[in-house]
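Look for subunit A in each of the two complexes below; its partner is subunit B in the first and subunit C in the second.
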Partner chain A sequence: MLTLRDVDVSIQASEILRRVSLEVGEREVVCLVGRNGAGKTTTLRAIMGYLRLRAGTIEFLGRNLAGLPTHQIANLGIGYAPEGSAIFPDLTVGENVEISTWTRPGGRPAPERVDLAYATFPVLRTYARRKGTQMSGGERKMLSIARALALDPRMLLLDEPFEGLSPAIIPAVSRGIATITEAGHAILMAESNIHHVPEIATRLYVIERGEIIFAGRPADVRRDPAVLRIIGG
Partner chain B sequence: MAGPAVAQTSPRAGARAFAPGAWVLALAVLAVLVAPLVVSPYYLTKMLPFFAYGVVLLGLNLLVGYTGLLSFGHALFLGVGAYTVSVATTRLEIRSFEVILLLAALTAAIVAAPIGALCVRYVKIYFGMLTLAFGMLFYSFLIKFYAVTGGDQGLRVAQHSLLGLFEARSGERVRFLTGQFYYYAAAVLAILALVMWRIVRSPFGLCLRSIRDNPEKAEYLGVSVRRHRWYAFMLSAVYAGIGGALLGPVTGQVDPTLVYWTHSGNLVFMVLLGGFTSFFGPLLGAFVFIFLQDQIMSVVPYWRLVFGAILAAIVIFAPTGLMGLLSQRPTLPRWAVLRQAPGPEHAN
Partner chain C sequence: MSNVVDVLLSGVFAASILFLVAAGLQVVFGVLKIFNLACGSFYALGAYVGVSAVNWSLAAGLPRPLFVLALVGGGLALAFVGPIVERLLRTVYDRDEAFQLLLTFAVVLMLEDVTQLVWGTAPYSTGALYLSYGQALILGSTVPVYNLLVIGASVLIAVGLGLVLTRTRWGRIVRATADNREMAEALGVNMRRVYVQVFTLGTVLGTLGGALVIPSTTAISEMGIELIVQAFAVVVIGGLGSMRGALVGALIVGVLRAVAIATRPEVEMLLIYLIVIGVLVVRPRGLFGGAAA
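And then the complex of A and B:
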C-alpha cells in the first residue's frame, strides 16, 4: 500500500533520514519506533510531501508521491494526525471533524464519515459544540485522530498518539485505534516507547539516527538486546 | 447606527450571545433607515463613505480576520472600482449604476487574479510588502499615464442612474446623494454583508479559518492553502472594487490619492479600530473612523496625530478593537492568544 524505498531527507544540509525503506500493507498496523530526534516525525512529514526527498521514492497505492503538494497527498487517502495539539483552536470540535469531509469530497457520504469518527471516540460527540481550546490534551489527541479519520482515508499516519497522555485516557485512545483497524484502515504509527506499541501492531521498524536498524515482528524485537537498549523506554 | 455587537468568530458558539447582537443589528438598520428623516444632510453625506468603506472592509476582513493575511495595498482595488465608475460614465457612456457595479467587480477581479496569484505565495510581512508594492505601482500608473487617467488631476464621475429610475438632476446633487443614493448604497452594503456572512460560515470559510489557525495542518487535511488564499484575495478585491465604485459618485471625482498607501493604511486602521476578530467589527471601525476624523478635523488639523495615538492605544490595550471592548470579553479570543504561543507558526 505504502512503500518507502531508500529515502534520504536533509534539512538545511544536515542529513536527517538515510536510506529509509519501509512498507505498510493493507489493514496492517505498523509501528515506527525510535527515540526523540531519531527521524520518526521527519519520516511522516516526508510521506505527506512536506519535506523534499534528496533521494529515494515514496509510493502510495502504486502512485509516486514525489513532487505532489501536501493537500493532494491527503486527498489520495492518507490521513495524518500530527504530534501535539494539532487541532484548530478557533473552530468547534464539530467543525474540526467536519472540515475534512468537505476538503475531500467523494467516497463515503459525509454523515457516515463523521459518524465513524465519533464512533471511534464517542466522548467527542458530547463536546461537538465546544471550541478546540476547551479540550484536554488527551481529547485533543482523539480529535486530531478523529479528524484525520473523517477524511475517509485508506491509511492513517499517527504521530505518537500516546505521547503525554494520562494513563487514564490511554485505553480510550487504544480502543479507538483498534476500532480504526477493524474498519479496514491501515495505520503507520510513530512511537518513542516500545511499551506503548499496541498489541495489534503487525510489524515494527526501529529507527535510530535516521536509519532503520530493525524490521520485523514485535515479538522479535523484544529478544534483541542491542535494539532494546535503544528503545527500552 | 454603530453596528451590532456580534463578536463571534464561530456561528455555533454564537447561539448564546446572538440575541443581544441581533437587537443591536436591528437597531442599527433602523437607524440607517430613518436617518434621512431626522439627520442633517451634512451627516448624511458622511454616511455615504461609511457604506462604501463598509463594503471594502467586509472584503478586507475576509483576508485579514478570516484568512490571516494583512494587505497594505488594498486601496488599489478600491481605486480600480472608483476609476471604473469614472471611465464607464465619462468614456463608455454607461449610465446604469448596476452595470457599473458589475463592471467594477469584474475589473477588480481581473486585476486581482495575477496580483493575488503572486502575493499569496508569501505570508506575513512579505505578503504585506508585496501588496504595498503593487498598490504603489498602480499609484504611479495613475499619475504617469495622464492621457488615460488624468494624472494627478484624476477624472470626474458623470451622470448615472440607479435602477434605471433615479438620476441626479442638475443642481440637485446633494438631494440625490442623501436621498435615493443613500438608500441605494445602504442596500448594496446590506446585501453584500449578507453574502459575506454566508461565505464566512460556509465550508469555504471554515477552510479559511483553518488556514489562519495553522496552514500546515490545513494542508494535511487536504485544503489547498494557496488556492484558498487566492480565492479569498480575489473575493476581497471584488468587495473593494464595489466599495470603490460606491465612493465615486460621492466625491464626484476620482484621483490617485485613492490608491496611495496611506489610504490602504486607513483601511487597515479601520479594521483594527473596529476589531478584526468580529464580523461586524470593521463596519463599526469605518463608522467611528469617518465621524471621528470629521470631528477632530473641525477642531485641529492634525487628525493623523490623534489617530496615531488611538491606533497605538488599540494595539496595546484592545487588540480586539472596539467590538472586543463592547462585547466585554475578559480576555483575547482564544485563537489570538494561541497565535502568540510558539505552536502554530509554520509558514507555508
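And then the complex of A and C:
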C-alpha cells in the first residue's frame, strides 16, 4: 500500500533521513520505533509532503507522491494525526471532526464518516460543542485521531499516539486504535517506547539516527539485545 | 453639544472606512501571515476607480441618487487585482518578514505610479454629489445622509464578515488555515486556493473602503500611504490578526483623529502614535491580540 524506498531527507543542509525504506500493507499495523530525534516524525512528515525528498521514492497505492501538495496526498486517502495533536483551538470539537468532510467530499457520505470517528472514541461526542482549547491532552490525542479518521482514509499516520498520556486514558486510545484496524484501515505509527507497541502490530521498524536498523516482527525485536539497548527495552 | 456630535460623527465615519481597510489587512495577516502594506494602495485604487465609475455612469444616464451603485460596483470590480498581487507575494511566503514587507511596499509604490499614470497627479473628486441624499439633523448637528449610509454599510459588512468567518464552512476552513496551515492541508484544505480567496477578500475590503470614502473627500495619489499609517496604528492598538481588534482599533483611531482635528490639528498623528506606544508598552499584543482571525 505504502512503500518508501531509499528515502533521503535533509533539513537545512543536515541529513535527517538516510536511505529509509519501509512498507505498509493492507490492514497492517506497522510501528516505527526510535528515540527522540531519530527521524520518526521526519519520516511521517516526508510522507505527508511537507518535506522535499533529496533522494528515494514514496509510493501510495501505486502512485508516486513526490511533488504532490499535501492536500492531494490527504485526498489520496492518508489521514495524519501529528505528535502535538494540532487541534484547531478556534473551532469546536465537532467542527474539528467535520472539517475533512467539507474539504474532501465524495466517497462515503459525511454523516457516516463522522459517526465512525465518534464511534472510535465515544467520549468525544459529549464534547462536540466545546472549543478545542477546553480539552485535556488525552482528549486532544483522541480528537486528532478521530479527525484524521473522518477524512475516510485508507491509511492512518499516527505520531506517538500514546506520548504523554495518563495511564488511565491509554486503554481508551488503544481500544480506539484496535477499532480502526478492525474497520480495515492500515496504520503506520511512530513510537519512542517499545512498550507502547500494541499487540496487534504486524511489523516493526527501528530507526536510529535517521537509518532503519531493524525490520521484522515485534516478537523478534524483543530478542535482539543490541536493538533493545537503543530503544530502552 | 452639536459640536461634540459633529466631531463624534465624523470620527465614526472615518472609523467605518478605516475598519474596512484594517479588516482586509487583518484577514490577510491572519491566514497568509503577511503584513500587507498594499492594503493602502487598494484603498487608493478604490477611490480613483470609484470617481471614474461615478463620472462614467452619470454621463451614461445613471440617475444621480443611484451613484452609490457605481461606487460599490467599481470597488467590487477591483477584486481582480487580488489574485494578481497574491501571485506576486507567493514568491516570498517562505521568506523572512523583511522580504515580505519590502515586496508589499514595492507594490504600494508601483500602484501609486499606476494611479498617477492613469489619473494624473491632480486631485480628483465627485464634487458635491454626496449631498444629493441631503443632510440629517442629529442632536442639533447636521450630517450628510451619505455619511450615515456608509457607517451603516460598514456595520453590515462587519456583521456579515463575522457571520461568514464563524458560521460558514468556508469561514471555518479559513480559521483552521489561519491557526495551523500544515494541519489544515493534511485534512484536505487546498492552501493555494484559500490564500487566493482570502487575499481577494482583503483586497475588496480595501477597494470598497476607498470607493465609499471618495464622495466625501478628494482622491490624491498619496492617500494610500496616509491610510497605511493609520491602519498600522489600528492593528497595533487592536491586535494583529484580530477582527474585533480592527473594529475597536478603528473606532479609537477614527474618533481620536476627529477630536484632534477639531481641537489641535497639529498633534493629530502625535496623539495616535502616543497611544500606539502606550499599547505596545502595556499590552504588546494589542487589545485583542492572540486571537486567530
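Odds and ends about this structure:
The rule is simple: the second predicted complex is superposed on the first by the 231 of 233 C-alpha atoms of A that agree within 3 Å, B and C clash if a C-alpha of one lies under 4 Å from a C-alpha of the other, contacts with A are read in each partner's own complex, and residues count from 1 in each chain.
Quick note on the criterion: a residue touches a chain if its C-beta (ideal position, glycine included) is under 8 Å from a C-beta of that chain, and two chains touch if they have at least 3 such contacts.
In this text the structure is predicted, and so the values were computed from the model without any measurement.
With subunit A as the common reference, subunit B cannot sit beside subunit C without a clash.
A count of residues in subunit A touched by subunit B and by subunit C gives the higher number to B. In the superposition on chain A, contact of A:Gly94 is made with subunit B only, not with subunit C. When the two complexes are overlaid on their common chain A, residue A:Thr133 makes contact with subunit B while staying clear of subunit C.
In the superposition on chain A, contact of A:Thr57 is made with neither subunit B nor subunit C.
In the superposition on chain A, A:Asn75 contacts both subunit B and subunit C. When the shared chain is aligned, no partner comes close enough to touch A:Ser21: not subunit B, not subunit C. On subunit A, the surface touched by subunit B in one complex and the surface touched by subunit C in the other have residues 48, 50, 69-71, 74-75, 80, 82, 86, 88-91, 95, 99-100, 102-104, 147-148, 151 in common.
In the complex of the two chains, the subunit A residues touching subunit B come out as 48, 50, 69-72, 74-75, 80, 82, 84-86, 88-92, 94-95, 98-100, 102-104, 129, 131, 133, 147-148, 151. Per the touch definition, subunit B reaches subunit A in the complex via residues 9-10, 12-13, 203, 206-207, 209-210, 212-214, 216-225, 333-335, 338, 343. Chain contact summary for the complex, subunit A toward subunit C: residues 48, 50, 69-71, 74-75, 79-80, 82, 86, 88-91, 95, 99-100, 102-104, 147-148, 151. Looking at the complex, you find that subunit C touches subunit A at residues 169, 172-173, 175-176, 178-180, 182-192, 291-293.
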